[in-house]
């Protein structure tokens, strides 16, 4: 008799979503000028969760002005006082983490297991880490008394809504900046809940402003002349557009963009852990991760063995209700993203790669894509070059370490890479030759607030996390 | 695979050629599977399955026939208030208690397992170990839980360990041509590294183990989710390579239903359904049984049970 | 006695360790501050820039792979060679910038000292800006700076030698390779610096020096897909904006033009501007799976 896990849904009752939300400007929620709204849906069911305001250019202006006004006092506060606000925020996040995890899972579609065990702990940790920097900036290696930049305009993506918010807001506030943040159009809710956390923490009004909206809101924000700093995480195409927008201004810019990470498996790899790392690398968050290990480079001599093991492991992935505690792979975030993944996967087939997916029943409502593997992929295939941002792994082979490095680096991107080998010298040699900002050796997709994260080449510039992450928000 | 055991060198090359184990990754995988939420019907199924997989164990210097008989009664009738409760898989005792246990369990499907080979340290000459085994089998043991010579293993004398297991396997034969099933205990806590545990697993299986077992229960670290996961991977890979199925028995330190659920999840998601039977998976445990019984009562009555509502042995 | 007729120097570009003329065959007239003819300088074309970028890319692997100690030795060697030709550069800088001999000498001395400053940085910057990160888990985690790649620079227009050295030395100190367009009106000290570099153990292609009009050459450089970063020190605001827009096509790192006192302490800003932080994780874990209590 098979061991079938009974449904184990996390309770929705811990989160109370209002039917509508306004913009959070100058410490209060207000409707958008013009009164435009849009709906946010749960990607796993297509249920409408709430209606949120579409910020106009006027709203952007109001938010930037509020942030500018708040900047004077906020930046003049002793660092130790700013620190305590951030510590408060970190603690409130810890207290409300279950609620926020459920909320994030509802709005994003990712498994509760991930929001509970990865997103939320990292969010709290990030605030906790940067809180401690606020009164130690003199010691951060940027010279004495480094100054904040002013108003930071921050635009974040939908794949880790609250975590990306934390990556942006925590260092900005610690350094003494004020912020106007725009969450992604499809995942606005956790940022709006964060506004409430700012209220509970007693954060002075105007220090954090949250504007919901679409790409036009983001464009208005980064183009606003009152913004001193632009931080963006998202697609490389939009990142380039932003770089053009801020050209010729004094705005400091950091960009965290796309990737096509190579996960390199040598013949002496710890195979079982490598399989876990490959699975984690591409199916964590449905592969909607900029640093995903979306290209598997496997040494030809162990290809069959590794792929057998990988397929066996993929067959045990549990795809379905994101709120179920046993779900490994949740929903794709939007119909639009699903269409993009589908189109790229279809191109893989059309270009001659061999497609495989485990038998798995996908829910009828919502946006779903089965974990998928492509073999017989070459560097020339689109699925080996373009970021799919979905649960689709392209498998390529190599014969020697030099070939592995050459293939791994043969990309416009340079965000992440993985190395699996039990040989220390090879690991270090390969790590030093990879043109990527984060290299995971015998592990993958690990994050920590102390660890700088960011890309080479078209994966962007600047680092988030660690001491390095402060630089983006200081006039140094 | 006979050639890999042709010489000490060949065996060493083979064992050291097995894929390495990254400890952090292994433990992370075991911990991740430990977060599975087993509820309602799945929990009921898993509790009964876990009870049926227990080698109910007493391995004390103070063991007496009375104690062993009481334990056998418990194995046969774990919950006097609910006769539908499954029986445990076996009773596990020292060799000198085998006859008593066999007598108590006669006619039932509950097996008698006996530790042997100078358990738990295994520090005795081979003839002594074989005599220990032969004695237990003759007294009616259905299963023999032997310990490997960890000293020889750690000294790199793999062939010696291999030959010893083979000899004990031979000693498990009965005159009628049948044989007691052989569980090979590695004492993973003493082997210390996961690479050693993987090598010992293959070594044991190559030598003819019917089961590979983590521990004696007598050292600081016994069965853990990580070492059991690793051994499950080994039996999976061994069957893929040779077609021979080998069982796994984590022993020592598994005391709660929650723990047992985690181990069953490991089995389910590593080797699957074919190992989800007491023919291929066992728990070496004693106090675990009562916790399972209390959880079982909670599921059937809706009330939390207490220690006075299960039998002490 | 009639005055001896001097031998003029033909100024050439410095690309890939060689001294080519511009492939365009064009030159332009370089004068001193009073308008007196000094020399003809090559008027580099976009193709010259392309060749220089190819040379810089080719040199990148070796230069970035050299030990930091080795790079420091080579940068120090540049200072030694420049010191040896101090008088020549004092004269060239005086002509180029219309300075008195003593003021020109101060510029040259500062330029020499700047090489020494960056020579000392090569094997220290990684310790200052990198290090291990105390992540909350069983992992060894280390961040180290790595060179960005091929960096193209518009040299400062006014400070023909000190400004030039101040923008190229930090690039190569960090392990990147450089293509620089010298000050348009005062390119001669830059072209002479090529001769110093060629005799200083700097591998060919690590520094490539072009003369000509940045406004003509640089748009294609800023758009070049195999350039990783640009320093617009010597570009005017309008040109800089256009170049920054072009640079966005492959997300080059951009250092915008800003007022700089080249004689002041340079700090590490230009050094770190062309470094990428790479963070490597590796599991650590415990020594073993358990012990014995016997």
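Should a chain be cited, it is by its letter among A, B and C, assigned in written order, with residues numbered from 1 in that chain.
Heads up, the rule we're going with is that a contact is a pair of C-beta atoms (placed from the backbone, for glycine too) under 8 Å apart; a residue touches a chain by one contact, two chains touch by 3 or more.
Please read these numbers as outputs of a predicted model, since none were measured by experiment.
Counted by C-beta pairs in contact, the busier of A-C and B-C is A-C.
Chain centres here are C-alpha means, and the one lying farthest from chain C is B.
Our note on geometry: chain A versus chain B, Cα centroid distance of 44 Å, whole angstroms. Measuring from the averaged C-alpha position of chain A to that of chain C gives a distance of 36 Å. Chain B and chain C have Cα centroids lying 68 Å from one another.
Residues of chain C in contact with two or more other chains: 139, 283.
Residue numbers of chain B whose C-beta contacts span two or more other chains: 22, 24-25. Shared contact sites, meaning residues of chain A that touch two or more other chains, fall at 442-443.
By the touch rule above, chain B contacts chain A in their complex via residues 19-22, 24-26, 28-29, 35-43, 45-46, 49, 233, 264-265, 268-269, 273, 276.
Listing the residues of chain A that touch chain B in their complex gives 1-8, 113, 117, 268-273, 276-277, 316, 325-326, 422, 442-443. Of all residues in chain C, only 128-129, 133-137, 139, 141, 143, 148, 228, 237, 240-241, 244-245, 247-251, 253-254, 256, 267, 269, 276-283 touch chain A in the complex they form. The part of chain C that touches chain B in the complex is made up of residues 138-139, 283-294. Interface of chain B with chain C (complex): residues 22-25, 27, 121, 187-194, 197, 218-222, 224, 226-227.
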